[in-house]
Structures are given as C-alpha cells and as structure tokens.
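Here subunit A shows up in two complexes: once beside subunit B, once beside subunit C.
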Partner chain A sequence: MHMHKFEKVWLIFGVAALLVFLTVLGVSAFYLGNQPPSCLATIDPEKVDTTAPFNEPGLKKVEGKDWDYELVFVAQAFAYTPGEVEVPLGAKVKVIATTKDVIHGFEVAGTNINMMVEPGYISEHVTVFDKPGEYLILCNEYCGTGHHMMTSKIKVVE
Partner chain B sequence: MLSQKVDRRDGKLAMAHFYVAFIALAIGGLAGLLQVLVRSGKFELPAGIGYYQVLTVHGVVLGLVLTTFFIMGFQLAATSKTSGTLTSKQRTIGWIGFWTMTIGTALAATMILLNEATVLYTFYAPLQAHALYYIGLTLVIVGSWLDGAAIIMKYTEWRKANPGQPSPLMTFMSLVNTLMWMVATIGVASTVLIQLLPWSLGLVETVNVGVSRTLFWYFGHPLVYFWLLPAYMAWYVVIPKVIGAKVFSDSLARMSFILFLLFSIPVGFHHQLLEPGIDPAWKFLQVILTFLVVIPSLMTAFSLFATFESFGRSKGGSGLFGWFKKLPWGDARFTVPFIGMVAFIPAGAGGIVNASHQMNQVVHNTIWVTGHFHLTVATAVVLTFFGVSFWLVPHLTGRKLTKKINKLGLIQGSLWAIGMTFMSGAMHAAGLLGAPRRSAYSEYGGAAQAIEWIPYQIAQAVGGSILFIAIILMLYIFINLAFFAPKGEEEFPVGEVAHEAEKAPMVFENWKLWLGITVLLVLFAYTVPFIDMIQNAPPGAKGFKLW
Partner chain C sequence: MAQTQLKNKTHTEVEDGSSLKGTLASVFFVGIFIVLTWVGVYFLYLDRF
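Up next is the complex of A and B:
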C-alpha cells in the first residue's frame, strides 16, 4: 500500500508526539505516583454512619502515616458533612469520601482535588494545602433536583 | 452504478430518518437555549419545569436521537447509492428498524415529559428512572441494529456479486461504522437489560454501580466515534467530489476506518479515570489505547488537506498558501463541513487533554468537557451532517439546492461558527476555573470562586442564542429542501479515486480478522478489571428518585 512521503513524515511526527505525551503521563503516574484517585476499598452504602472513619466526618490528626491529617466527608443528596472545615496551611491531607445514596462528585474548585464518589466505594486523594484561603467544594456529578446547591467549604488557615 | 440516483423507495426510508432527526434538532435546540439562559442567572424556567428535565431532553434528543437517526438515514442512502438499490427484504428490515427506533424515542420522550426519567441521557444508577424509559432507549438501539442489518445484507450481496473486488468505499465505511456500533452497543444493552430494567421493575432490589458504569462507558466512547465516522465518510468521499477533486487514497481511507473499528472500543476507562474500584494500571492501559485512536484522525487530517492543496494548485494557486484561496468558498456543501473540520482541530487537542491520565483531574465534570463535545459532535459532526443535508435531502426528494438556499446555508454555518466560538470558548475557560457541567444556575452560597464563573455563563448564553438562530435557519433550509425547493436533480457527490491509485488490498474486507482483533483488544483491556469489579463488589445500591 502506497503512502505519500509527506504523509509518512506527518504520521511519524504525530505518533512521536503521542509517545512523548504518553511517556510524560506514564512517568508521572508510575514513577512520581501521580495516579488518579482509584481507591479499591468498598463499604456498605447503608451503613456509612456506623462505619469508621465515616462515623466521625471532619478533620483528624493522624500519626505514623505518609500524611498528617485525614479529612473525611460523607456525601448525601444534597449536602456534604462537614459543611465547612478548617485545614492548617501546609498540611498534607488525605481526603476520604463516600456517599450514602447516589453518585456524587467531589470537586474542590481551583485545585486538583476532583473525584467521583459512588455508593459502595470509598474515594481518596492525598494533597497538600499550600495556599491559604477559602475553597469551594461542589458536586459536579448530577444527583437530583438540588445538585447545584450541594456544597461545602475548606478554609485553609495559618 | 455511480451515476444512478438513489432509488425513490430507498430515498423515502432515508428521508423518514431525517424527519425525525430534524424534529429532534428543533426540540433539542430549544432545550439548549433554555439551559444557557437559565445558567446566565437572568432567566427562570416557567411553570415549574425543572432545569434537569430540560437537560435530559437536550441530551437524549440531540446525543442519541438526532445522531442515530441521521446516521442511519445517511448510511442507508450511501449504501443504496454505491452498492445498488436495496432489495425489498432489506428495505422492509430498514423500515422495521425505523419504526422500532421511533416508537422507542416516543416512549422515552413520554417518560421524560412526565418527569419520570430526569436522569439525563447517561442514566447513571442508582438514580432510577421509570422502566419505560429504559425500554424506550433499548428500542432505539434495537431499531438501529435492524437498520444496520440492512446495510450488512446489502454489503454481503454486493461482495457475492463481485468476487475478488473491494467493496465501494462508501458502503465499506457505512459497514465499518455499523459493525463498530453493534459491538459497542452490546455494553449498554447488557447493563440496561440485565441490570437496570429488572431493577426498575422491582424484580431485584439493588444494582452493581461499578459494573453498570463500566458497561455504559464501554459503549459511551465508541458512541462518539459512531457520530464521527459518518462525518469522516463525507470528508473522505463526498467533499473531494464537491470541490471537483479526487479521493486522495482509497486504501488509506479504508485503513483509517479499520483502525477506528479496532481502537474505538477498548478505551471506556478514560471516562472513568476518577472513579474508585478500578486499578490505576488498567486505567493507564486504556489511556494508551485511547491515544492510538488519534492516529487514524491524523491520517484523515492529512488526507483532507492534501486533497484541498492539490486541488487548489491544479487551479493555479501558488505559493505556500495560494491554493487556499482557490477552494470553492461560495459552496455551502463544502464550506459548512469545512468549518466543522477546522473545529475538530482544537476539539481533538482538547480530547487528548481529557484522556490524559492525570490532567483529566483538572477538567473532569467541569463545563470544559461540555465545551469539548460541543466542538466535536455539536460542530464538526453536526455541521458536516448539515452540509450533507444540503445535497442529500434534495437528491432524495427530487428537488434542487437553489442559490438562495445555498447562501442561507453559508450564513447558517457562519452563525454557528460565531455562536460556538463564544459558547464553547467560554465553557472551556470557565471549566478550567472549576465551573461544573450539568448544573443549574447557582451562586454556591456566595462563594467568591463561583462569582468569577458568571461572566462566562453570560457569554455562553450569548453564544447559545446565536446558535439557536442558526438552528432555526437550518430547520428552514431543511423544510425548504424537503418540501418546497424547485423540482430538479441534485447530485449525490461520490468522489472517485485518482487514476494512478492502486486497488485497495482485499485484506481490508476480511471481517473475521478485524472483528477478531476487535474482540481480542476488548478482552485484553477489560477482562481482568471487570472480573475484579464483580469479585470485589460492594453491597449493591438501591434505587433513588431525587428529582
């Protein structure tokens, strides 16, 4: 099958660009550990309130882990618990979330914290809050009539 | 055979599909207008109509109904044109397919209007719609399989009559898209029939959410290629003839379509990158496969611009870009799809961002994504479909595209380009700031971040209103071409391959080979994570009706 010389050049250039992109993504994921949130732990969606750590939502200091704090959220139509939380500046925090009913989103606007929260599953993301200020948490997966009213707030304080 | 018109009886079948498609455009376009107006914060829906009900209408009638009906009508017409008139058995199957799809659409629409199915067109469990909504959507898919069966039968008949010959290019392309569609829709049909329907009927209490989403997205990504390939068919085969050039390469066109068949399907995880319950290594594997499906698009881009340049130069265009001026800009059949091609350049680049393992986290479920697919499907694909309608509708109804309507077509395409630049541009920008998709107007408790998004939402409303005017123009054009344009003969442009081009290798027609590799790739990408998902399943989720 004949291929024009210019087309070969174009495709070699294109495929090489794709390989560079993939290499960057791969090194970031497997060497630097920047994987998308992919927690494999499960939970009974009907027993969220009585299952640790979701029986005590909010910020908790932890010892002997790679992170300093665990920030636990329970999502439910159409609110998050806690509805507002303070996090110390510079803290390394593991955000942990689940839902008691339908699928919700968990997005902290203006940051890289963005994950799906699905019934039966636990979602996690480790992050460092290195800029002070108020961050809006919102639901970015349609969950019903009050979807756009579903918010919480993280205050990063010194 | 190429000089023949599409048989009147096949034309009626195709036109039936187009009537439904353009009714869907009218309803879905109106829904879209209401959405951008609501999100501007300056307008509220009257009579207690819910934003999300309107959003469900918009997604279902434009994403599923307009596209599927138009594509099936176009592919049936293209097959009839290039491989000969359908037999009465094939045509009957096509009509049964059409009515099955139409009844399914009516059922689903009724449930949406009764507010029994405000679950959007993706119907993610455990939001639970009325069973008739799921049945309606299933009928749309089953009907499309019947339409597809007619195409497969015609192809088989042609191959038997012409042993050792490669099939006509347009028939080949219609067939590839049909096969891809059939393999892909198995996923959504499985989750609906095995999981969601019994659950919505109360036969089972809970549903496995992870499995359902995975089956949905196994279908959800090839769905977008199902929209795109008929546009590529027009770009590869029709556009060269419209401008008076030859098809650049028959073999490479076939090769790109085969690559789409192979790599469109095992990539659904790139829609699920931020989901729990899937190992990130398997997500990454599907990211790699997603990047492979960029290659046939690169081939397509080359082929198109090679055709344009060699044509422009043959008309005396000189210098690096002199050929560009020689293209027939006054011909809406060329210019309107060309706007679509241009839109596909940023659209494709944005798509690579979305599929990029970690970068997805910045844009996932923000309105950036909405901006993205309004460039892909709602510009590149839809403007090409409009460009096809300009000649196909009068060809099938025995009328002519007049100069006046051609001019209106050009205005329509330009308005679309302007409106979409505003709307999609503002969506991309707001998305990067964090504004979510699929959300009614909200000030998010007065959060400072959310206030920043509002000017972009007003820009979206401006763009969306311009797009709505373009839709009204298009509906006027369609009605004119279908019922009022002067009688005459409008050409069905089918490009011919350049004389010096070689015959397409017969290996492209080896479906055991290609479908075999397709299935192997699907098994490779999905088997282990899917078994994991079932073996480590959490307790199932009960249904909720939260609207």
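Up next is the complex of A and C:
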C-alpha cells in the first residue's frame, strides 16, 4: 500500500500523543491510586445522621491513616453542614461528603475538589491544603429552588 | 492570409494534486493546539490543591 510520507508523519504523531495521554491516565489510576470521588462506598441516605462519620460533621484529627484529618460534610437542600470550617495550612485532609436528599454538587471554587454527592453514596477526595485563604464551597448540581443559595466555606489558616 | 492552423497553444499549469503540504500544516495546527491545551489543563491540575 502506498502511503504519502506526510501521512506517516501525522499518523505517528497521533498515535504517539494517544500513547502519552493513556500512559499518564494509567499511571494516575494504577500507580498513584487516583479514583473517582464516589468509588463503591455506600450509605443509607435515611440514616445519615446516625451513621459515622456523618453523625459528627466537621474537621476531625485522625491517627494511623495516610491523611491527618477527615473533613466531613453533609449536604441537604439547601445547605452544607458545617456551614464554615477552618483547616490548618499544610494539613493532608480527606474530604468526605454525602447527601440526605437529592443529588448535590460539592465544588471548592478554585481547587481540584469538585465532586457530585449522590444519595446513597459517599464521595471522597484526599488533598493537601497548601495555600492559605478562604475557599467557597458551591453546589453545582441543580437541586431545587434554593440551589443558588447553597454554599459553605473553608478557611485555610496558619 | 487566413491562418487555419491550430497553433495557438494553451498552456495550462497543472498543480501537483498529490501535494499534502497544506494538509500537513492543518493537521499539526490542530494537533499542537490539542497538546498545548491538554498540557495547560494538566499543569493547572497539578498546581491547585
């Protein structure tokens, strides 16, 4: 089969780019252990208030885990519990969230923390809060008439 | 005297239809754009917590 030289050039370029992208994805998933925020962890949405750790929302120090703190959020129309929380600068935190009613969003504006919280599922994200400041938490899944009022705040303090 | 011969040559420049220079340029224009935006988003992801 005759193939033009240029065709070979862009086919090689395309295949090489695909391989690079897939390698990055594979390393992220299978070596670094990155996974979707909601990954197989479930909860009874009607018993959120009595199920640990959601019976005590907020920041909690933990021992013997890969992270130093657990930051627990419960979402419901149209608010988050806690409504405001302080996190020490440089802390490695596992953010854990779920919802008592409908699907909500959990976006910490300007950061990589951006997940859906779905009834019956627990969403998690581990990160190091290494930049001080105030971070707005927003619901980015339309959840009802008060959707636009649904916010919370994380203060990263020294 | 009337000239009856068919001497008026029309010279048509035939472009080489197999040239793919423009296609190559277009492909790499789109390709580089995709790679740059991907790299940009990747480093934004690494920079933020």
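Just so it is clear, the second predicted complex is superposed on the first by the 149 of 158 C-alpha atoms of A that agree within 3 Å, B and C clash if a C-alpha of one lies under 4 Å from a C-alpha of the other, contacts with A are read in each partner's own complex, and residues count from 1 in each chain.
In this text, a residue touches a chain if its C-beta (ideal position, glycine included) is under 8 Å from a C-beta of that chain, and two chains touch if they have at least 3 such contacts.
Everything numeric in this text was worked out from a predicted model, so none of it was measured.
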Subunit B versus subunit C as contact partner of A:Gly110, first or second or both or neither: both
Partner chain(s) touched by A:Leu18 [first = subunit B, second = subunit C, both, neither]: first
Touching partner for A:Val157 - first (subunit B), second (subunit C), both, neither: neither
Partner chain(s) touched by A:Leu40 [first = subunit B, second = subunit C, both, neither]: first
Subunit B versus subunit C as contact partner of A:Val62, first or second or both or neither: neither
Subunit A residues touched by each partner, larger count belonging to subunit B or subunit C: B
First, second, both or neither for A:Glu7, with subunit B first and subunit C second: both
First (subunit B), second (subunit C), both or neither touched by A:Val27: neither
Partner chain(s) touched by A:Val128 [first = subunit B, second = subunit C, both, neither]: second
Residues of subunit A that lie at the interface with subunit B and also at the interface with subunit C: 4, 6-7, 10, 14, 21, 110, 112
Footprint of subunit B on subunit A - complex, ascending: 1-4, 6-7, 10-11, 14-15, 18, 21-22, 25-26, 28-30, 34-46, 77-78, 101-103, 105, 107, 109-110, 112, 114-124, 134-136, 138-149, 151, 153
Footprint of subunit C on subunit A - complex, ascending: 4, 6-7, 9-10, 13-14, 17, 21, 24, 110-113, 127-131
Complex interface listing, subunit B residues touching subunit A: 50, 52, 55, 120, 124, 126-127, 209-210, 213, 249, 251-252, 255, 272-280, 283-284, 287-288, 291-292, 294-295, 298-299, 302-303, 306, 352, 356-358, 360-362, 364-366, 433-442, 444-445, 447-450, 501-502, 505, 536-542, 544, 546-547
Subunit A-facing residues of subunit C, complex: 18, 20-21, 23-24, 27-28, 31, 34-35, 38, 42, 45, 48-49
